[in-house]
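This is the structure I have questions about; it appears just below.
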Amino acid sequence: MPRALILLRRRLLTAIPVLLLVVIGTFFLLEAAGGDAVDAYIASTGGDAGLIEQLRHQWGLDQSAGARLAAYLWALAHLDLGWSVSFSRPIGEVIAERLPNTLLLMGSATALSFGLGSALGIVAGARPGSLRDRALSIGSLALYAVPGFWLGLVLTVIFAVQLRWLPLSGMETIASGKTGLARAADIARHLVLPVAALGFIYLALYLRTMRAAMAEAWRQDFVLAAKARGLLRRRIVLIHVARNALLPLVTVLGVQSAAMLGGSVVIETVFSIPGLGRLAQEAVASRDTPLLLGIILVSAVLVIAINLVVDLVYAMLDPRIGRDPGKLQGFRMRSGYRGKNSGEPA
Amino acid sequence: MTPRLSIQDISVRYVGAAVPALDRVSFDLAAGERLAVIGESGSGKSTLALAVVGLLPSRTVVSGSTDWPGLGHPPVNGRDIGFVFQDPGASLDPVMRVGRQIAEVAYTHLGIGWQAAHATAIELIGRVRLPEPARIAEAFPHQLSGGQRQRVAIAAAIAARPKLLIADEPTSALDTIVQAEIVSLIDRLVKEDGMSLIFISHDIALASTIADRIAVFRAGRMVEIGKTEDVVAVPREAYTRTLIEAAVIPLATSADHAGGGQS
Amino acid sequence: MNTLRRFFATPEGAAGAAILGMLVLIALFAPLLFPQDPLSIAGPPLLHPFTDWSLPLGTDRLGRDVLAGIVHGARTSLAVALAAALASIVVGATVGTIASFAGGLVDEALMRLVDAFQTVPGFLLALAFVSIVGPSLAVVVVAIALSAWTGPARIARAEVLSIRERDYVAAARVIGMRPSEIAFREILPNALPPVLALSAIIVASAILIEAALSFLGLGDPNRVTWGGMIAEGRTVLRSAPYLSIIPGIALVLAVLGVYLAGEGIVEATAARRGYT
C-alpha cells in the first residue's frame, strides 16, 4: 500500500519539528518552575550544601541553559524522561505503568462516543429539520455543556451511592485475587461509570458533527442522482449520505484525542483510576514538575501517534486521498445542479 | 398510437419565487421519440426534467399532470426513467467504485442478486464503450476523465432498461470532442433500447443532431415546438431565430462534423 | 441590525441570550445581592436546600451560603471565560494574520508552533502552567488562553489568505498602504466574523476548563468558584450530594447558554449569506 506509506512518511516528517517545539516548551516551563530537581530532591531527603553542589554538577545543572537544553534533548533521545522525586523512581517507568489504564479508558470512551454518537447522528441527519433531528441536536448541545467531572460525580451518586449497582471508584477490586475473565469483568464493572462520564460528553460532539456532515452530504449532487436512479431511501441514507459524512467525523476523532487526554485527568481523579491523568494530578499535588512535564511529553507523542492512525484510516476510507496533500482535510464541496435549479429561475 | 409520456399544463413555482419557473407546459412524447428541449439557463428546461422525475425541492408548488398511458403503474425513477445529469463528476458518489454504483441500480430494479448486478454493470460499461470494463468497474470516479465519468453515469441511467431517458445538459461540462462522442453514444443507446429521449440543452446546433422534435423554452414557457428540420429552417418565433442565429457558426461546422474544423 | 433581529428570532439565540443575560445580571449585581463575603459563615453547616428561606439553597460543610457562592461564582466564571476568550482571540488573530502576511519561513514556523500547542492536551498545559506559576485569577486566564489561541490563529490565517487577493486589498496596495497597515486596517476587520463565530466555543470551553482547574484545587484560592464548590461538596457526597450538584447545574446552564447563543449567531449569519 504505497499510498499509505507516502502519507506516513510525510506525517512523520512534519511531526518531528512539532515534537521538538513541544520539548523546548516543556524545557522552558521546567526552567520557569524555579528550584531544580536537586532542590526537590534535597527537600525530600535532606542534605548539606556540599551534596547539593555535587548533585548539581552530577546532574549537569550548573551549566548554561543551552547546555542543559542539549543535555535534556540528549536524555530524551535515549527515552530517559528523568527522575521523579515524589515516586523515587524513573519518570519513564512510572508513566509506562500508568499509560495502559488511560489507554483503556480513552479507547472505551472513544468507542462509546464515536459509535453511539455517529449512530444517533445518522438518525438525526436522515431527515434534516425533522422533529427528531431538532430534539437530538438540542439534547446533544445540552449534553456537551456538561462538565465531565460533574457528570462523573452525578453518575456516582446515582449508580454507586444510591442504587449501589456499580463500584464507587478504582480500577478493580483491591486484592480480590481474581484472574482471567473474572478480573476482566471486574475491571469492566469499574470502568462503566468513568467511561460513561468521559464518553457521553464527546458523544454529543460526534453526533453534531455527523449530523452537520450529513446535512452537507444531502446537498451534494450525487444524492440527487441516487434519487433519480430510484435507490431506496434507506440505501441512500446509509450507503451514500452517511458513508460520505463519516469522513469529517474521522478527522474529529484525531482532533479530539488531545482534548480527551485532558478530560481523562479529571475523570481519573474523580474515579481514582491509576492512569496518566491521575498521575498528572498527583504530580501537581506533590509539586513534581519534571514528572508533570514528562506526562505532557508522552501525551504529545500519544496525540501524534493517534493522529497518524486516524490519517491512515482516513486514507483508507477516502480513495481520493494520497497523492496530493492539499485534499487531506478536504470534504469536497460541490456546487452545481441543485444550486443551479433550486435557487432562482432567473 | 398512445404516447409514452403525456404532460398536461404543468406549472412549477419555487418557494419565494415571484414568477413560476414553469408555466403551463404541455406536450406528448411517443415511444422511441427524441425531443430536444432548448433554452437559456433559467428558461425552465431543467425544472421540467426534475418535475418529470419528481425531484423538485420540497415545498415547491407543482400543478398539472404527467401521464404514462401505456405503463399501467406510476413510473419508478431508475427503472422507468433514466436520468443523466450535467456534471458527471458530481453525480457519482466520490467514495464508491463506479461498478458498484451501476450495479446498485440493476440490483434495486431488476430483482437480481449482487453478483448478477455486478456482471450487468461490467456489461453496461462495455456498452457505453469504455475500455477494459472489469478494470473500470473497480475505479473510483476521481480516477476517470470527465467523459469517462459521463459514460459511467449513462450506464447507471440505462442499467434497468428504462423507457425514457432524460439527459439534462449531458455534455455542457465536457470539451467539444468529448461532447460529440457522448451525443452519438446517447443516440446509439436510445436506438438500440427503443427508449424515448428528452435531451435538454442550451445548444440548438448540438440538439438538432439528435432530436426528432425541438421544443423551445423561454422564461418558463414553451414558446415553440415542432419537427427539428421545421424549427431550424422556418422558426415561427423571433426568439427561436435569435437562438439559431447565435448558433449559426457551430451549425456550419457541425455540418462537416465535430473534430474537423474546431481547433 | 437585521442579523441581530434574526439572531433573536432563532429559538437557540433567544434562549441563549436569555440565559446569558440572566447570568450577566447576576454576576454584575452579586456584591449588591450578597454584600457579605461568600466565604463567610452564614448559618448552621450542611443545611439542606429549601428548608430555610433565608438560605434557599442551604449551606455547605462550614455553614457558608450556597446561593451566595453560586452568585459570586458566576462572577469568577464569566470574568475568567471572557478574559481568556478575548486574550486568545486577540493573540490568535494577530499570529494568524502575521503568518499569512509574512508567508514563507515565518508562516511555516508559526504554524508549526500552532501545531505544537495543539498537540499538547490543553488541559494538561493549563494544569502545568498554573501549578508552576501559582494559582491566581490572571494566571488561570493565561493558562486557558495558552491552549485556546490556536483555533483563532488557524481561522484568521485561512481567512486572511482568502481575503488578501480580493479587490479592495489590491486597491490599498496600489495607493501605497504599508503591508502592516493593510493587514490591520483592511483585512483583520473582514476576517473577524468567522473568528468571532469560534468565540462561543472558546468561551464555553474556558468556563469548563476554569471549573476543572478549580475542581482540582488550582483555582484562585481567594474566590468562590463553581468548580471549587463541587470539589468541596465531594467530601460529603454521600450525605449532602446537593452541594456538588447545585454548582454543576449552574455550570451546565452557563455553558449551554453560551452554546445556544453561538448556534443563534451561526444561524443568523448563515441566513444572511443565503443558506438555510
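In order of appearance the chains are A, B and C, and numbering begins at 1 in each one.
Simple rule for what comes next: a contact is a pair of C-beta atoms (placed from the backbone, for glycine too) under 8 Å apart; a residue touches a chain by one contact, two chains touch by 3 or more.
Keep in mind that what you see is a predicted model, and the values were worked out from it rather than measured.
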In contact with chain A and chain C alike are the chains none
With centres defined as the mean of Cα atoms, the chain at greatest distance from chain B is chain C
Chain with Cα centroid nearest the overall Cα mean is chain A
In whole angstrom, the CA-centroid distance of chain A from chain C equals 21
Between the Cα centroids of chain B and chain C the separation in whole angstrom comes to 54
Note: chain B sits from chain A at a C-alpha centroid distance in Å of 50
Expected list for chain A, residues touching two or more other chains, is none
The chain A residues in contact with chain C across the complex are 14, 17-19, 21-22, 25, 29, 32-33, 138, 141-142, 144-150, 153-154, 156-157, 161, 258-259, 261-263, 265-266, 269, 280-281, 284-285, 287, 289, 292-293, 295-296, 299-300, 303-304
Per the touch rule above, chain C residues touching chain A in the complex are 12, 112-113, 115-116, 118-125, 127-129, 131-133, 204, 208, 211-212, 215-218, 227, 230, 234, 237-238, 241, 244-245, 248, 251-253, 255-256, 259-260, 263
Listed in rising order, chain A residues that touch chain B in their complex are 220-222, 224-232, 235, 239-240, 243-244, 247, 317-320, 332, 334, 336-338, 340-342, 344-346
Listed in rising order, the residues of chain B that touch chain A in the complex are 14, 17, 19-21, 41-42, 44, 46-47, 50, 53, 55-57, 76-79, 81, 83, 85-87, 89-96, 104-105, 108-109, 140, 142-143, 153, 156-157, 159-160, 168, 220
